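In the two assemblies presented below, subunit A is common to both, partnered first by subunit B and then by subunit C.
Coming up: the complex of A and B.
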């Protein structure tokens, strides 16, 4: 099914919040430089699944998992893994834009600075390129020193994308990145995802089925912690294999 | 969830069945008009043809509205696309019934000719194909749809057989050539109606299975 290289994946992953199991025997191979959308009702495990890839579930007490999670054919849950390196490689954008209460410039330069880049001209270059890649540069180039929280919601979200891009990740995890935005800003984010896919492997959680259909190449349907179906998006939305998938995307879920 | 969409789809189901029934009736009546030399019946079919035409346009607009407003997916999408296409095929069959009625009208003004058995035979196969293709749609029955497709060959063969038959009839009664030639047209209309029934059956196969099987 997947004709391109596999960037990341899981093998027989079970995940638990304490006693409660959130993922059941999930195995998947996610193609490189493609957009994979995760759909399913609330609580089906898609956000948990997403956060496995940057080990963000680790910060929640009492969680554990079995099985393997891999990026570039390497298991990312080995003890000797460098977490900072992993999070640099795997950027994340959240539902609610969360800019730091700092200038636009500082927001984007923050990550590269942490990773040791000090030279101002180099930082300027990174900020400009990241803002351009996030389709925000033209709107903010004359006011890089203003506080980021003065930006509109759609601009803030693109700033967060620019901030994620600034550390040159290879993977972008997006957890409902457009769900709090108006249609115009949503369109900009969706167009942006189309552009970013040329350089990044993107996984996006969305409750908007039409958005999944528009922006993604592959779609994974989760239900009650199980990966029910994973296939090309055009297949999922025209003739899914599983009745459960069809019932969900057509709104016939009981 | 999605109750609005499913209510709209229920309405489509009703409308396509009404059109289907009207078309079935005019096809049946048009053949009757031929066999019984019934000019009045023929004229009624021609006059009422515009009803189906109007309903076809209405149904198409309904489908477009649903696509725009509800952006259906999967089975719902396939259903609406199938209805759009089936609607068009039904309207074409309706037109062919009108064409047959026009021939009936003309024939009723000519000296009587013997209608060869092939015509009612073809007509009954086509009527069956139409009925079965609509039943296949209602019951999402691909087996029945496949049966409809298979009947098409039979109609094609009967139609081919009409040429030598009409030729020999003309040789026997050359004065009736005008009337006899009408029979060839009728046979061709029936053959085309069978093609449209086949299209409907293929759309049902697509609806159920999600694969476009045409031309295979």
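Coming up: the complex of A and C.
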């Protein structure tokens, strides 16, 4: 099924918020430098699944899991000391854009500074390259010192993408990155994802079927914490194996 | 039968009246003190030393004493309160232990100030051997205003959106890096607001300093933190109740009260200015 290298995956993962189980026996192998879309009704475990890969579920009290989560064939929950390294490698863009109330420059430079880059010329270079990669440079190059809060919603989300790119990740996790944006900004983000997949392995959660069909190479359908089906996007949208998948895609439930 | 609308007006009127009453009481107190205290307020009163056990002269030692105590109390209580708030809000897991800490803090807030005074006397003055001194008094006041500072610091931390923490953590920042760079800078103005309230209380309290630092009559300036000092609220108390010529020194009482109020306003004002300065820098 998967023709390219496997970048990351899970083996028999169960995940719990306290007593309530959110993921059931999930196993998956996600290909490198491809876009994988996660679809499914609200509360089906898509976001939980996504946040397993950069261990963002760790910050919620009372969560635990069993099974194995791997990136580059290494189990990421084994070593607790490498959390910073892991999150540097696995960038994340959130549903609601969360620019820091700092200047545009400081937003993008935040990650590199955390990881020890101090030299101003180097930071400037990183900021410029990241903003260019996020297709935002031309709009903000003359006002890098203004507060990021003053940007429009779409610009803010691209700034967050630039901020994630600035620490040179290999993987980008996107949790409904365009759900709060207008159609024009959404198109820009989608085009950007198309560009980024050349260099990054991308997983994107989306509620928008058309969006999943447009931007992704692979699609995973989740339902009530189970991974129902995972295959090439065109297969999922034309000839799904499971009845549940077909029902969801054709809008019969969810 | 009163109409529905009439009843409505009546209730609103009553509520409004209650509010005005509060303002009126505060206004009356301030007005009275200003009117009666103002005539005595001159350079000699502020910068002079008291004579004849406070019946004549100025109140400089009491002003300096109160400033020392307030500054001391804040410099102990602010870092301590800030650290506790950070621990409680950012690190401590939900559970029994955290509940116990919270209970302890709200209990601390409800402890009568004279009990703080006795506690300070027992612990700092006698046990640690600091004697009746600025150090003992500051520490005692610090413990008294600690709950105010912790609670408002926690509120300030809670007001910082979780999304900012997540955004920082997701970039590989450690928890402490996240707090120091992306939480604390935005919470500080709110924390200052809490300290403002603390300062007002620390400056005005009599009971805690009565047993730990305040001198009845000491017409000189302190030379170290182990010195005793006069303090405005205690001086006021002495003039009003302990002085042999309490009636005669009435103007001195009003003058002292006025200076105390002005001093608290000054503290609050500078804290507010500092806070606004921070706000301007943050630009939410």
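By our rule, the second predicted complex is superposed on the first by the 250 of 254 C-alpha atoms of A that agree within 3 Å, B and C clash if a C-alpha of one lies under 4 Å from a C-alpha of the other, contacts with A are read in each partner's own complex, and residues count from 1 in each chain.
As a convention for this text, contacts are C-beta pairs under 8 Å (C-beta built on N, C-alpha and C of every residue); 3 or more make two chains touch, one makes a residue touch a chain.
Nothing here was measured: the structure is a model prediction, and the numbers come from that model.
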Determine, under the contact definition given at the top, whether A:238 touches first (subunit B), second (subunit C), both, or neither. first
Regarding the shared-chain residue A:249, is it in contact with subunit B (first), subunit C (second), both, or neither? first
Touched partner set for A:213, first subunit B, second subunit C, both or neither: first
Tell me the contact category for A:147 with respect to subunit B and subunit C: first, second, both or neither. second
Taking the superposition on A as described, I'd like to know which of subunit B and subunit C A:61 touches: first, second, both or neither. second
Winner on subunit A touched-residue count between subunit B and subunit C: chain C
With the two structures laid over each other on chain A, which partner does A:15 touch: subunit B (first), subunit C (second), both, or neither? neither
Kindly classify A:87 by the partners it touches after superposition: subunit B alone (first), subunit C alone (second), both, or neither? second
Intersected contact list for subunit A, partners subunit B and subunit C none
Can you list the residues on subunit C that touch subunit A in the complex? 93-94, 161, 163-174, 177, 181-182, 186, 282-284
Quick check on the complex: what are the subunit A residues that touch subunit B? 209-210, 213, 237-240, 245-246, 249-253
Can you name the residues of subunit B that touch subunit A in the complex? 1-2, 5-6, 71-78, 209-211
Over in the complex, which subunit A residues touch subunit C? Could you list them? 54, 56, 59, 61-62, 83-88, 91-92, 94, 96, 98, 100-101, 110-111, 114-115, 147, 149, 160, 163-164, 167
